[in-house]
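By written order: A, B, C and D. Residues from 1 in each chain.
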Amino acid sequence: MLRLFFSKIYSLLNALLAAIGLLAVAALTTPDLTERASLILEIVLFGVWAAYLLQLFATMVLHRATGVRDRSAVVADVLAVIVPAAAFLFVGSRDWSLFCAVWLLQPLRGSMFFRLMARVLTNEARNLVGVTTIFGIVLFAAALAAYLTERDVQPDKFGSIPLAMWWAVVTLSTTGYGDEIPQSLAGRTLAGLVMMSGIGIFALWAGILATAFYEEVRRQDFVRNWQQVAAVPLFQKLGSAALIEIVRALRPRVVPAGTVICRKGEAGDQMYFIVEGRVSVATSSPVELGSGSFFGEMALITGEPRSATVSAITEVSLLSLFSVDFQMLSSSSPEIAEIIRKTALERRGAIPHG
Amino acid sequence: MLRLFFSKIYSLLNALLAAIGLLAVAALTTPDLTERASLILEIVLFGVWAAYLLQLFATMVLHRATGVRDRSAVVADVLAVIVPAAAFLFVGSRDWSLFCAVWLLQPLRGSMFFRLMARVLTNEARNLVGVTTIFGIVLFAAALAAYLTERDVQPDKFGSIPLAMWWAVVTLSTTGYGDEIPQSLAGRTLAGLVMMSGIGIFALWAGILATAFYEEVRRQDFVRNWQQVAAVPLFQKLGSAALIEIVRALRPRVVPAGTVICRKGEAGDQMYFIVEGRVSVATSSPVELGSGSFFGEMALITGEPRSATVSAITEVSLLSLFSVDFQMLSSSSPEIAEIIRKTALERRGAIPHG
Amino acid sequence: MLRLFFSKIYSLLNALLAAIGLLAVAALTTPDLTERASLILEIVLFGVWAAYLLQLFATMVLHRATGVRDRSAVVADVLAVIVPAAAFLFVGSRDWSLFCAVWLLQPLRGSMFFRLMARVLTNEARNLVGVTTIFGIVLFAAALAAYLTERDVQPDKFGSIPLAMWWAVVTLSTTGYGDEIPQSLAGRTLAGLVMMSGIGIFALWAGILATAFYEEVRRQDFVRNWQQVAAVPLFQKLGSAALIEIVRALRPRVVPAGTVICRKGEAGDQMYFIVEGRVSVATSSPVELGSGSFFGEMALITGEPRSATVSAITEVSLLSLFSVDFQMLSSSSPEIAEIIRKTALERRGAIPHG
Amino acid sequence: MLRLFFSKIYSLLNALLAAIGLLAVAALTTPDLTERASLILEIVLFGVWAAYLLQLFATMVLHRATGVRDRSAVVADVLAVIVPAAAFLFVGSRDWSLFCAVWLLQPLRGSMFFRLMARVLTNEARNLVGVTTIFGIVLFAAALAAYLTERDVQPDKFGSIPLAMWWAVVTLSTTGYGDEIPQSLAGRTLAGLVMMSGIGIFALWAGILATAFYEEVRRQDFVRNWQQVAAVPLFQKLGSAALIEIVRALRPRVVPAGTVICRKGEAGDQMYFIVEGRVSVATSSPVELGSGSFFGEMALITGEPRSATVSAITEVSLLSLFSVDFQMLSSSSPEIAEIIRKTALERRGAIPHG
């Protein structure tokens, strides 16, 4: 847990560093910069570069220590140091700073998200290539048709297929700069058809990416939840079918120490299972709950507002079960719902919370 | 039911009030306003403000009376009153009226929909941040490339990375204002690629939002329907698997008293279960049906037009079962279909409706 | 079947008629029309009007004869006749012809598709209203922010909130006319954010419409297929779970008499079940197959090219089973797959086709 | 396998040839071309044409040899040869080269992807026609309304319905060229509504295409995987329900000889089943594995990095099982997971890999 927390802080800092560096790169390209301003910006660039040099050493030491080799991180780090240095030495004028754009690779370093994206693109390569081919065919056909209909009307804008292709790509993507516009009736009818085809093609593109992406995300969420659900004793009695249902229903959440998880008197639409960490239930005689316990179930069963405030003592890893899912769980796994209900009643007699 | 109805009317009135206030704010910014017109508009603003003051009192009284604390409503109400008042007192000129824009928060007050949206955004935060990072990387890379290819051709439009970034964002979102257009072949090829990347990125964005939103909506619908289905005696005999099927198939609908639910002679593609309220079946000897009854089943079984007009006596909460779902229900829960068929036959002998 | 065919022809003719009428309406508005041309167009309008008058009589006679009342058709027909007539009598100048635009309602007449659309919109009303509210809030906020950042730079374009709102709606929908463009850095950053919000909002809109639409379509397809599958004796032995699988897998298709359904020597990836009609298998001793038979199964089992040409003798209503689905069917309903395989072997001994 | 590989190379070369030919066609239309340049381009065109002539002969010989008739390929090949030849002979000036655009059909030749697209369009024809009708109705209505609101303000741009329709189509598709922009308040409000309708309509279009496309892709993937899974002995013991699960979980992949499939010391998130081909496990005593074997399971069970490098000896057809799916498989088919675990333990004792 703690490692996760630090790794988050680290990637945030890393992203900030890259952002500062890239902003300085961008600022350095503005014309009419004073000597002073450009000196400051170059010092900023050097500072960021030095930080990346440090990071490169750290990565290499860490790799030797743990034996894990994360090649993408090493590549990104080496490039982040070597490319700007080489550009500074060998590229004349101020253009060397543009090579610092290699820092754009930093956010991709060790990110789960980009690994996911890469897998989505690999999985769907065949379909994406197919749609791109259609795009190319429609693009050429549109340019040819526009050239034929408009070459006599506007020879300066549609006088050749390459010129007409610029119009076609701007129209097919519904960008519509407005620098080249068909004037003839045939050209305008064509334009309408091209816009409609464009939407169709981009719909396919979007559909492939979005669906494939979402499927991959759901698969990863399933694995992560699975590992957490396995840590809650209550669920270990379940058969595999019911377990899969539960894994789909629960939503993991990590809260730092001190967070108020639920507040007395508020309406409650979820209950919580503790995977790791401890919470404190603030009643007349405060109670502590640890890994494997659950709380907040009263609000789901009776619909009353929360009867106690619960706050995290340590960093706590929770699984939320929303009331909707509790209903579904009740019908598919009556035993678990029964255990939760029984515990709720016992607690009501003893300590009021939930 | 009645409470639901009043709450709908109330939020409609509230939305109308906010709309009037905001229109007045907008109108007040038009130049060359006559003294008279601006006075009238300021009076409108004051009227809306007074209404919000009243509402704030009402909310606080209600909270004390019921003990339910809806903090988002309280915050919206307090801001709606205090911000314009403070602006009126401390901001010079007519700009104080702009602060009335805080009334934009009113429609979010106590809305189920915005709570749902907030949950969707929380759930998908990680993926949205990931796609936004990709967006940032592509944006910077596109601006850098455009700067390199176009800085000599159009130094006034692509002369620095910040300038080129404006072009990149306009193109990446396929907005295409047309104020900055690459002229070189390399720049135009780049533009085509940027447009395609833009569509890809926004497809991911759209896919994440749309899918996550729809999943959340379906979950909420399920819970609402579940509670209503549980109120119909016929369904209480069902096993949990069949019950889940039914909950998915039925569609809830509330009609005010006096509504004609189905009309004699029309084609019918749905039957109705009454959750709450009473309806009147207009045959030679009119019949009344109450909670737990069903009607309109004849049209589904025989395919004939409706044999009687049915209208609501009180406000009625209904569950509709479409003929498609009746077919599926018939195969998965033959017992229920059998009960419905038997009742239909009995009724046919006795009273003609359906 | 025949009725279906005529109804298709009829709606095609109706759409054509409306298209002709509307084209004439559009043409009549072009300036500098010769006397002669406008006379011809008005005669066309009168012709279309007369056709609608005829149709109105036909509809009324039909309604009296069959007793079915399709109110949407009657309303569309009455309006199609009365509105242009009234406009002709009471509206001065040539503007009366614009009222013929009421013919736009004709394609909606008795269309299954528009009934479906109406149901989708009704079902999703609540969510669509919610997203539209968000749209309104973002629109106003964007206009206010643009007014604040740009009013001093471009007072003629962003000098009031209503003016800025025009920019906001053009940008939020990523249309980007380019007539109003923010110039300040703050304004441009704002524009980037507005474009991104726009995509998000339209993604929600699109997601709601697309998903709800597709769900409704699938429900309707299921019902239509269900009725056809029930007519094939082979499937009547199946349990309800297997039946639902089959209904999902089969794809209905109607071919006119004389069509070649499969051709000898071609690769085959589907087999066919005959719901209604007769086909001829062109082998050395031609064979006729009727309702309830199936053919083309050989290609699925052996992977060889079609061994005979099969053509429709009458209009034939078919259900196609693709090889993919045959594989799935084989594993979920081995009995049916067994019957198909056995028949295939017997036929191979006797008559070569498939 | 080898045939698949050659067919991929072939279609790549074919696409390249078409691309070269079409680029030459495009280049030939640029004005002010030198004599020399246009001669070179015409020679390129002739070369591509000659290659297609060769291909036509090859196709015809192949068809005679194998007896398979792929009519779409024959049609594309015949057109690719005859159309440019005929144009060269009978069309005056340089315009004959435009007819070479018929080569655009080449990438569609024998492509699985375009067959898939054609099927999607056929399946969804009815819905696509429906949405297109709505598009037409909204387009006409928008043009009529814009004509009414703007004809007096900008008679040169909105002076007739056909003129206003150009504005309507540009706005409805959110292209927004910016050549025609409503000025009146009514016109601008209308424009906002048109943009919103446009997004709605295109959302339906996109939703239909994307969903239908994805469904079809999944069906085809299922069939392809099915055939490969059937070749792995381990899976032949499974019941049909479990088999379907496995088929959905596994992902096929073909790697050329010599590829390193997994590398010692890297983190591993998938295991592999060999459908066809042989791999070498590089341990102290190298081991060869053939069809029906699996490897890489250790990383899934223990979470340790890969213990050996595995590379392909021949071209290898693999099925990947990701750790997520291994988890799901473990719960739904414990027997298979048990076999995999047992093998892993035995191997650990003997040869270290995974």
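Basically, a contact is a pair of C-beta atoms (placed from the backbone, for glycine too) under 8 Å apart; a residue touches a chain by one contact, two chains touch by 3 or more.
All values reported here derive from a predicted model rather than from experimental measurement.
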Please state whether the interface between chain A and chain B is built from the same residues or different ones, using more than half shared residue numbers as the mark of same. different
Among the chains here, which has the CA centroid at the largest distance from chain D's centroid? B
What angle of turn lays chain C on top of chain D when you fit their CA atoms, given in steps of 5 degrees? 90
Using the average of all C-alpha atoms in each chain as its centre, how far is it in Å between chain A and chain D? 25
Approximately how many whole Å separate the CA-defined centres of chain A and chain C? 36
Chain C, residues touching no fewer than two other chains: 162, 174-178, 202, 206-207, 210-211
Listed in rising order, the residues of chain C that touch chain B in the complex are 67-71, 123, 126-127, 130, 133-134, 137, 140-141, 143-144, 147-148, 155, 159-162, 165, 171, 174-178, 181, 185, 188, 191-192, 195-196, 198-200, 202-204, 206-208, 210-211, 219-220, 222-223, 226, 240, 243-244
Listed in rising order, the residues of chain C that touch chain D in the complex are 15, 22, 25-27, 29-31, 98, 101, 104, 107-108, 111, 113-114, 116-117, 135, 162, 166, 169-170, 173-179, 202, 205-207, 209-211, 213-214, 217, 251, 265-267, 305, 322-325, 327-328, 331-332, 334
